[in-house]
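Structures given as structure tokens follow.
First chain A sits with chain B, and in the next complex the same chain sits with chain C.
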Partner chain A sequence: MTVSVQRGIQNLIEQIDAPVASFFTSCVHCGMCADACLFYTETEDPKYTPIHKLSLMRRVWKQEYTFWGKLFKAVGLSTPVTDDELAEWEPLVYDSCTLCGRCSLICPVGNDIVYMIRKMREGMAASGHAPRDLKGATYRAATSGSPMGVKLPALQAQMRAAEKETGLEIPMDKAGAEYMMLLSSMEIMGFPEFIGATARIFAKAGVNWTLSSEAFEATNSGIQIGSRDIAAQLVQKVVDAAEKLGVKTVISPECGHAYTALRWEGPNLIGRAYPFKVMHILEVLDQLRAEGRLQTTGTEDARLTFHDPCQLVRRGGVVEQPRNLLNMFAPNFVEMKEHGIWNWCCGGGGGVSANERAKPLRLQVFDRKKSQLNEIGVTTMVTACANCRNMLEEGLEHNSMNVEVVGLTEMLAEHLAD
Partner chain B sequence: MTSVELLHWARGPGLQISVAIFVLGMVFRVAQNYFIGRDKNLAEPRGTQFGPGMQTIVRRSFFHPGMNYRGYFTLIAGYAFHLGFLITLFFFSQHIDLFRGILGFGWPALPASVIELSAVVGIAGLVAVMVHRIFDPVRRFLSDFQDYFTWLVTLLPLATGYMLIHRIGLPFTEMLALHILSFELLLVVAPFTKLSHMVTIFTSRWYNGAIAGYKGVQS
Partner chain C sequence: MPKDLTLGEHLRRQGISRRGFLKFCAATASMMAMPPGMIPVVAAALEKARRPSVVYLSFQECTGCLESLTRSHSPSVEGLIFDAISLDYQHTLQACAGHFAEHIREEIIKQHPGEYLVLVDGSIPLKDGGQYSTIAGMTNLAILEETAAHAAAVISIGTCASFGGIPKAHPNPTGAVPVTDIVKNKPVINVPGCPPIPTVITGVLAHYLTFGTIPELDDFGRPLAFYGDTIHDRCYRRPFYDQGKFAKTFDDEGARKGWCLFELGCKGPTTYNACATTKWNQGTSFPIESGHPCLGCSEPDFWDAGSFYEALSAPAADVSKWAGAAIAAGAVAGAGIGLKSMRKRKEAAQAHDPVTVDDLKT
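After this line comes the complex of A and B, so read on.
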């Protein structure tokens, strides 16, 4: 057994906790998780059944944590996990799982399958079996702070453009601000209009906010690839900047995974609770609405729907906020049949969109979103995740579908009352 | 050993041994999992864990919007088999007599015709899940030796019980001994196989609901 395989197995052993042991003990191989996974429903290939993606971890659990498994291992009757198997499972664990968590919601024995996939990625990454593109993104994130290599001058250029467009100052490193706003590289490079939209809304609502030059990236490649050390380093950077500025709340931008990384995983990665709150931008906007600080004018008359980012709803608990906000100005808002916690993933989450090798597969499984959209016949799809937005645009273009994709914050900014 | 001696052994030491293995094995299985432990969640909670965990234990027993044909089939056939098996086990008068002997108390039995129906429904449910396991590509792909073995071990008490009541196959004494032994086999096998889900389904569902509940998500 090579050193890297040993390292991978050791990581898997460390990842197994009481819930994982209970989940593996309970699985009855009913196959219902397959129907929850768009990688199975759109390909009908049984290898994409979610619980199958965990077969190697299950074997490690059996050999290390069960009486018979340990006995069989001791007398040499068990089959150790090999490097070839880890290589074979790599596309299953990374290319065909967006960590969307739909399987965890459907399992009749209650197995939180995606909780385990997240842990399995720790073992895969430690053994060296992670997609090349994710390794590259993680390296860039660890060295430059951004998975896309976006540096401060690029952000400053976008800030200047937003200031010119809105006539508002975009605050940077403002000590004592109430909120510290984070961004994703995808927003900075692909959807920079988000910066101006946020500035306009916050100016109207009288929000005291700032960006930080030391930590402006919200996404966390360490979590996507499954490397706790790098993930913790990236979270720590944000925590240090927030503590230095003395902010009360850090705002996760329109990005699902960034929210999960900061809100739910972050404190556990760095080993302590934050001295500040973490809120998704939609939570902040909905709070402003509830406080009467957000007034809109006019209506968005297009027939539109909302694509729930998986990490916001199923894995994050932000379900009602986008609906409250859309209902302020979108009378023709219609829900897809499966929405909220039952939504279908865009196909690009969990690092899949950053993985070029997975492109043909993610475009194939986009058929699920395509049929969801065809069912309701909308012209606009609103979302709150730059990564979803990128994937949705890619999928729509691939299918020659004429549906516009818009970020909710931007759409809201267009309807601000004077 | 004569058939009468075999029956005596099955009713006496055999039952005691198998019940002991079942109870201790299940306790060991749950304890073994529990004591691996889990880290305290340091993220600021949005909800609670206990209540949502308990709700998920209940909620996962019902139909939900994420299901398609495989889900419906699994749930319906699963209900048929589980209810058929449990009603037959706990509400057949002779079984209640046995429980009274062990526990010191009993409960009202259901009419023989209802038990007959529940046994048939249970067997039909088991046959249906096996047909599904063989012909459904996903289930066939996932299945290993244990899936087929535990199915057989679960079917045997129902099948031998049915044969016993209807005087099919072996003479009464032999068949009764076989019926009791088949149930004892089920008790012995359960803690070491996926049949332990009969206990760990509660812990798994609870953990799932608790993990989601902490984040304020209904699971």
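After this line comes the complex of A and C, so read on.
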């Protein structure tokens, strides 16, 4: 069956569960979510009000699950969702939402709006209304294993380079290792120094870890485009590899949505619990610090701040860990005014950075981060998500701002005590 | 009483000092929630006011309202201002009787059309042609229609005239209705209460004499200056309500300590009147202060709103029989709808056609 409106609506009917029904019922139309959304605050265009992005899903809910909606539909007083409407909503659901979850946090009646956007994307994808670039990335992820088409030989080349640089062995497919490390394509291709940094830290801390040749990709395009079928397939690959190697913990790298996909959505997607734990690299590093296995030396004297990846703080609760780590060596660490769970998104999450059509909009909304940085006047910004990092660099360059963006793991590796 | 005298002149003839008059003006101004700067304005206006003719009609009533107005405050200055309007027709107070009395009413209508005030006390029976209450061979309805037709305004004194009151209470054998059901083309001010507070009646009259206008009214036509707050909001026992301290019976410790009477049926929370602030018997006390819950007498249909001694939160009727069945039926219906929705979702999931890479080819 090919993608179609009917298939999209059918998918939405399937996605509307008890939480969604209660969210739509409890919505008081206050519009507070607008002010929580980067895309509204920077454009002041009311169409970017988060709950408005769900209007079509709300109509399907009404028509299919409520008394009056069913009645109105039966007598022709409300029209079914059309293909044109889905096309009109596509940029709202994909280009102007980074799934950052700030709206969910601010909603006075506790509606998890981002949870619903994620579900609405299921219907959009099934109806064929997903952005071209996201379709391409998901296609590559499902066929080659990586949204950027990164294959094993490319990783092996980067591993060899890291081994040369650090003089350490990068373990691959080591059965019985405690930790299985995942990477994102962005790290392999754009920020390969992450591999060497991880190897050095783990060697110092005496961590028994490995990579897997069968599942090294952490990101999950299925989550971003909104296809649980493909998302489940990608999660299954990681689970199979981890079970084969018998690891106790799988580490999500410096990436936001990969963590959400694997830790929170994964077990629901494959329909069973994992026999291993999933931790973000920052959680692992902070645990090593707490156990006294991580010693640093020297200080990072630049005035720096930390950009919280949305998925880590709002969806994952990883707030204190990066601060604990930074406080080991960064005396000039300052917070942006809104930080932690209230941080502002970089503007490129949830598949927006992979979507070329969204580029002018995401650069426009980067103004928020720009003014946040200008308020505190830092020269370095630390983060823990390769996608944020990419977007931040793009935004800073566009605005000709002289701020260096660094991954926290790499910065930590630079300060390891001998 | 010579009608060409101003109110000020008339009061001095009656031996009321300027000081006594100003005290009344100050009390009136504060009662109507006007700033102190308004006192001289009130005094000047009242001083110069020509006393309008007043026709006081008594229908299905108990004369309690008139008792409240005249006796309990006599001989205070409030009583005298009543004297100072030209009260030309009032069954209980007028000296003359019979045809002569009715003649006076007719003369006022003829001589001062559009100038006189009509005060009505009591409800009007409509059933069986209104025969349940007649005066001088005329039904109350005919008298009211004839008198109100040329009046400047009508003031309903008491709950019977304002809302029908006790005559209108179930089963309403006489088909009693309030003044507002009959008089549609004149301003009507409702001054409910069973009876109303005397100073509230004189205050409404003073407002009319001072400004020549109808005061600001609430949705029930009551002057907001006196009926703007609930008894509960102004009650001196309110702190006990907020602390959850309630008298459970009339002779328990809570009753002796003066705790809130809510659980004994006090209607203060839903009753708008000035009892808690203006009080009764020249400011001596009010029902709650003497240990009895408010009956809610200034509210429409207060007589039919369940027992006076049933707490407001308790249902007025016995709902226990059908409430259980209604809840059960609601639960069954809710569960049924829920199951139906769940089945729909399950069917959609079973019919799910997985999105594959082929769907993503661009």
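We take it that the second predicted complex is superposed on the first by the 415 of 418 C-alpha atoms of A that agree within 3 Å, B and C clash if a C-alpha of one lies under 4 Å from a C-alpha of the other, contacts with A are read in each partner's own complex, and residues count from 1 in each chain.
Going forward, a contact is a pair of C-beta atoms (placed from the backbone, for glycine too) under 8 Å apart; a residue touches a chain by one contact, two chains touch by 3 or more.
None of the values given here were measured: they were computed from a predicted structure.
Per the definitions stated earlier, placing chain B and chain C onto a shared chain A by superposition produces a clash between them.
Contacts of A:A34 after superposition on the shared chain: chain B is touched, whereas chain C is not.
Of the two partner chains placed by the overlay, neither chain B nor chain C lies in contact with A:G149.
Of the two partners chain B and chain C, it is B that touches the larger number of chain A residues. Contacts of A:Y65 after superposition on the shared chain: both chain B and chain C are touched. When the two structures are aligned on the shared chain, A:P267 is found in touch with chain B, with no touch to chain C.
By the document's definition of touching, both partners, chain B and chain C, reach A:D17.
When both complexes are overlaid on chain A, the residue A:G317 reaches chain B alone and has no touch with chain C. Shared-chain residue A:K47: touches chain B; no touch with chain C.
Among 220-228, 274-282 or 346-354, the region of chain C with C-alpha atoms clashing against chain B is 220-228.
Common to the chain B and chain C interfaces on chain A are residues 16-17, 21, 65, 67.
On the side of chain A, the complex with chain B involves touching residues 16-23, 25-32, 34-36, 40, 44, 46-47, 49, 51-52, 65-68, 102, 104-112, 115, 263-268, 271-274, 277-278, 313-317, 319, 338, 341-342.
Touching chain A in their complex are the following residues of chain B: 28-29, 32-39, 41-44, 46-47, 56-57, 60-61, 64-68, 70-71, 74-75, 78, 136-144, 147, 192, 194, 196-197, 200-201, 203-209, 211-212, 215-219.
Contact residues on chain A toward chain C in their complex (touch as defined above): 1-3, 7, 10-11, 13-14, 16-17, 21, 64-65, 67, 125-126, 128, 130, 132, 135-136, 138-139, 142-143, 225, 227, 229-230. Those residues of chain C that touch chain A in the shared complex are 337, 341, 344-345, 348-349, 351-357, 359-362.
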